[in-house]
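Before anything else, here is the set of structures, which you'll find just below.
In the two complexes below, chain A is the common chain; its partner is chain B in one and chain C in the other.
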Partner chain A sequence: MDELEAIKVTFFQECEELLADLEGGLLAMQDGTDDGDTVNAVFRAVHSIKGGAGAFGLEPLVRFAHVFETLLDALRSNEIPSTQDLIAVLLRASDVLADHVSSARGLGMVDDAVSAAMAAELKAWTDPSYAAPPAPEPGVPVEAAAPVPFVMEPEESLEDDDLGFDFQPMTITIDEQAATVFQAIGDAWTVSIRPKSDLYRKANETALLLRELARLGPIQATLDDSALPTLEFLDPEAAYVTWTVRLETEQDEAAIREVFEFVDGDCELEIVRGEAPVDQALAALLNPVETAPAPEPELTIAPPVVEQPIIAPPVVEAVAPAPVSAPAPAAPPVAANAPAAAVAAKAQQIEVPGPGQSVIRVDPERIDRLIDLVGELVINQAMLAQRVGEYGIAPSSNLAMGLDELEQLTREIQDSVMAIRAQPVKSVFQRMPRLVREVANMTGKQARLVMDGENTEVDKTVIERLADPITHMLRNAIDHGLETPEERKAAGKNPEGVVRLAALHRSGRIVIEVQDDGRGINRERVLSIAVKKGLISPEIQLTDEEIDNLIFLPGFSTADKISDVSGRGVGMDVVKRSVQALGGRISIASRPGLGSTFTLSLPLTLAVLDGMVIDVAGETLVVPLAAIVESLRPKAEEVRPLGPVGAVLAVRDSFVPLIDVGLTLGYRDTSPSPTEGVVLLVEGEDGSRAALVADAIHGQRQVVIKSLEQNYQQVEGVAAATILGDGRVALILDVDAVIGLRRREPPRSADPTLIAAE
Partner chain B sequence: MTDQAPPNITGERRELISFRVGQQEYCVDIMAVREIRGWSPATALPQSPGYMRGVINLRGAVLPIMDLAVRLGMPMVEPTVRNVFIVVKADDRTIGLLVDAVSDILSITDDLVQPTPDVACDRVRNFIRGIISLDGRMISEISLDRLLPEREAVAA
Partner chain C sequence: MPALALPETLDLKAAGPLKQAFIENRGNAIEVHADQVRRLGGLCLQVLLAAQKAWTVDGKTFSIVAPSEAFLETTRLFGAEGAFFPTAIHGATS
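Showing the complex of A and B:
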């Protein structure tokens, strides 16, 4: 059972990749950047999902995937032309398919009505008769006259449950009947299929193969059950039957062979041009299996025969094949041909952009462990360097030079290890087209998402937390940024708005930009709303930029009416806070009538942090650089007492509360005068500023973040710990908590110079 | 943890590491002990109870150090280089217990463990699983899972 669960997990992982391929392919088709193989790749993605889902008995998923696949198949065989409308439908169908996958996984539910409507829409595309009065399918004429026991018609089988556990009873013709009455119109082929039990085990099914064949042209299928043992000897899991199919098609052998692409190796296949008497074909197929169970080629290909008269294929293997006077290379025996063909088929498969190729799946914990170890290596190396320095060894000595090399290697290892965990932002970006479609639908706007820099890499720890801010920003851009199509037309713009989502590296950080070409921020309205809601005082004069940034204030919302999408006033301030929690910053630039751009900048990793190393009351602390606005040495006249115990620092006309870190954290009971130390001007997540007083600054350093909670617990005022070059633990200051502590804690001393009080 | 089996299960021999805290002898199950190291200065933790000496770097991991004497209600003594800390695993956390010295390894069966007498104060009773009498010595077995403060309680 556990094993099955494990396989299921893998299946869902693959589903994710397949869904991504599917959407990617469809988007390429939408943009017209697809090539001939794109539609095949898209089809294969859906087919593989269906196949896997079948193996796990995920009925609703299979059923939907099946309808989807049928349409894709019709598209791929050019039965229906590829249009923008169709691709839009397919994209929405891919969303529903994704829902089905999530639901099968136990995450979320599928809206049955939506799914059913989508399925109906898909069916209507393949089969106009599904929605409209039935019309004969052009490609598949129904041969009423022919004594066909089993005519496969796609339309019929569509209704069937695809799992095929409920086979419809089929009549079986006697051999001689099948051999006789064929009308020789078009090019006739004889295809013999002898499934191996593996075929069924992999949730494939001959009925599907027959249906695929039927797409190529009218077929007549004959079942040979002569190998079927009596019930008592019957192995329920074994395969006994053989199909012989007479197919009329314009397509070539490759097209027929493609039908069997997914069962390659799982069935014995023989494709002969012309109309082989069924019994001979069968004999050809069965004999080698029965007489020579030795190494049999998985795929047997008879050399094509030129003349159209009925010619039996050369008997394979058992007898030395008669040289065939045909374009095919005469001499090589069929058996020798087969592996080559199999190789060819394999080679074809490798081109498929399937999952798992050239990619190793590694448990992320192993990588995390590696990163920890490298972190230790870096610390050790720094300790070693410090010791060597203490012993006064000349920098030109071999030891010092060796140490330099070690340092370089260590850095390289660290970079490479971090690169292992780095992932392209694609995994987040690829969820966005769907979001844009849905939001655009909901708001009645036309939006096109343009993505750039999907391959920009960033650490896994950051990736996981990018999705929320981007989602918010995109929603905001469509809901608030873009105008309705009518408004856009009136403004002389393309009714379809463009939202651009881009990722890039800039100075050691990752920058995400969300840009729309909408109306831009209506500053007058923003200002009046902010004043009305009491967020700012009406007298304040603000620059355009400052007004734009008002939208990040908590409780701010400009939407006229609250929509489902955004407009509850919890949007942008939440985004800002979550971004700042990651050590990032967010800003907005807007041009009225031309649109707005949100810019989000984040550190590349959450495993290391750029910090300022400071000294407080004999303890070494690290302050995250992202929080620091500036550092300065205060002059006596800039420090002003406020109230009995408080003090503020005058910074260019504004007053910032002074906080002694040592006092707040309880390292000392009285604080020295701020003029003796250094002041770090910091900005909290909510934008509030404070001046942290430290004794000394040791400089800027990149530190490896270590959790305190793992072995102890969260400590107020401390974000995490790190290990410095001397091997000692230093605490990383949680700037917001320190500001908060000052507000809450009662004053500990009556020292009027400085305080923690309100 | 498996080594925290109730003391009344008899038969199985267990090994304990005994150590001195002040003038008293205590012990912990040897299976919980990861290593024993000499004292090195710890980085103080703000907003923490007095028995938390701070954190040190143990091969790249941040290890909290608990002063066992203070935890057991004895006065704090400034540790010297002769002090050691015992690295133990309790629940899923690894901590260091600062003690005066490690004395020896005992091999006992659970029937040697007597319940803690009523005379002790509640705090001590809480941390002690039982008392072992051996060669005229009295050794108290520490209940490790009760030593560390509850995470939730403090975080709240």
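Showing the complex of A and C:
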């Protein structure tokens, strides 16, 4: 079962890609930037999803995909003209299809009513007379189970059969019992499959065709390897073997043919209703108990090689290796056909893009492990360098030079490994067009999403956590930022609002911008709400920028009524918190009447960090370099006591609070004078500054981040841990949390004068 | 008895090397280990069938051992399990 699960996982991965292709194609059609093949690509995406879903028996998904696909088929064959209305419907259908995929995956549920309505809508396009809403059972009604024509006639199809011998019609009588078995099961079909070499060359696979056939009903494949040359003369990339498949299904011929849609032209196909002549399966049915000897030897049409016990209909269970003793005709008639040399290719050949040859799928866990190991390597290398340094080996010695090279190499390996895990933000961005459509629909706004920089790469650890903030910001931009079409018209703007989502690299960080051309932040209202909710005191004077930033306060919501979309008061402060948890910051710029821009800046990776190594009360700590503005040794006259316990540091005409890290983290109960230590001037994510007091600075270093939550537990004031060159564990400070801790708690010390002590 | 371990994926790209591997082992009884196989395609199936025939012609033992579930399932799908896993196939001629 493990294996099936693994295949299923691959299927869902492919679904993600296919859904993205589908949406991309439809959007291109909407913008008019499609080419002739776009509609085919769109059709193929849906068809592939349907095919895979069928193999796993995901019925609701298959049913919906089928209706969808039928409409797309009509569209690509120009039976239905492509209009903007139709494409809008198709886009919404692609959303429902995505829901079905998610639901099949066990993530979320499909709204059956929505799905049925969508299916009905799709159906109505292909068949205008169709009106009844319930989602139809796709596929053609089962034709009355005609008695299987056991009396075989030399059918046309068989005459095409260039097997190189004459076929003798033959009458087989069958006992009643077997006959009833047959009818009870449904119609039997015989499908002859003759793959051409091109089929394999285009990365298609007979096994998949068989598997897809198997989902229509129980199959029994019989292979014919009479054309197979001896091993020496075998071209490993040419197709020789052909198959005859006995299929029992209630579906019609079109459904069977559909299985081969992709390989049209690369595979000769014959579909015959009823049993194949002198099919072994039939022979077995006739004589279910005895092992059937190969039928009439002169009737060489029987696929000669494989003698196997033909188990009655539900074929695909029972593993039991064949306990059959029937002699295998080892030397089959060689007059057989060369399947490759065959009839002219059928009408239209659909080029199926093979799975990208240059792309490999790797379990992310393996990469994570590799990154961990490289992290260890970096640490180890640092330890080695330190040891060598301790022995006082001359920097010009071979050993020291070798170590330098090792360091270089280690760094390069680390960079390359990080690059493996870097992914374009596209994977997150591509979910957004749907979101914008839905939100716009719900709020009655018209919105167009413009995306930029989708290929900007970020470490996977960051990508995974980008989706939520971006989702929130986009919702916010549409719900609060954009005006209604009427308001926009009145303001002389295009009724359709534009939301721009962009990603770019800036000084070693990734910046995400969400920009709308809406009304901008209503500062008066923001201010009055903040005052009303008691978030700020009414006397306080705020700059425009400060007012804009009020929306990040917890519990702030400007929506007059609580909408479905946003405005639950959890919006922007949640965004801010999740961004900060990533070591990022968020800011807003707004111009009344012209719109707002949210800017999100994040580190490119959460795996390594540039930090300042400091010493506090005998402990080694790392302060993220990004937070440090400057470091200095304070002079006595710059330290001023403030209140009973605090002290501030005068830095260039402003005062910043002094925070003793050792005291805040509980390393010591009393603080030494700040003048004896070093002060790191840091800036919190909100722009607030503080001066952290440390005993000494060891230097700047790149460190590998080890999660504390995963290996131990969350510790307030500490973001993560790392291992230093000397093998010691050092904690990485969470600067914001340290500032916050300091603000909330008075120092544990009973003596209030300690910090301020001169 | 020489053993030949089949790779995980037996697709188009694996067919050539697989044939080569068989040709190099020709003339000796062979054990083909199929425990790693996760995907078996039509082309490699052909190579396996041809190899099996070649070994039969040589009168040497050709056995597939420890087939993975995927290998079994796919050979069954292909209708080829009888060729690979019968008990009395060796030396049978007609």
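Remarks
Heads up, the rule we're going with is that the second predicted complex is superposed on the first by the 415 of 758 C-alpha atoms of A that agree within 3 Å, B and C clash if a C-alpha of one lies under 4 Å from a C-alpha of the other, contacts with A are read in each partner's own complex, and residues count from 1 in each chain.
One rule holds for everything that comes next: a contact is a pair of C-beta atoms (placed from the backbone, for glycine too) under 8 Å apart; a residue touches a chain by one contact, two chains touch by 3 or more.
For clarity, every value in this text was computed on a predicted model and none was experimentally measured.
When chain A is checked against chain B and against chain C, the one touching more of its residues turns out to be C. Contacts of A:K706 after superposition: chain B is touched, whereas chain C is not reached.
In the superposition on chain A, A:G217 makes contact with neither chain B nor chain C.
In the superposition on chain A, contact of A:A721 is made with chain B only, not with chain C.
Once the two complexes are overlaid on the shared chain, A:P634 sits clear of chain B and of chain C alike. Contact with chain C, but none with chain B, is seen for A:L234 once the two complexes are overlaid on the shared chain.
In the overlay built on the shared chain, the residue A:W243 is in contact with chain C alone; chain B does not reach it. In the superposition on the C-alpha atoms of chain A, no part of chain A is touched by chain B in one complex and by chain C in the other.
For chain B in complex with chain A, the touching residues are 41-48, 52, 54-57, 59-64, 93-95, 148-149, 151, 154-155.
By the touch rule above, chain C contacts chain A in their complex via residues 11-12, 15-16, 18-19, 22-23, 26, 38-43, 45-47, 49-51, 53-54, 56-57, 68-70, 72-74, 76-83, 85-89, 92-94.
Those residues of chain A that touch chain C in the shared complex are 3, 6, 195, 200-201, 203, 205-207, 210-211, 214, 219-223, 225, 228-232, 234, 236-237, 239-241, 243, 245, 305-309, 316, 319, 321-325, 327-331. Residues 372-373, 375-376, 379, 619-620, 665-667, 706-718, 721, 723, 727-731 of chain A are the ones touching chain B in the complex.
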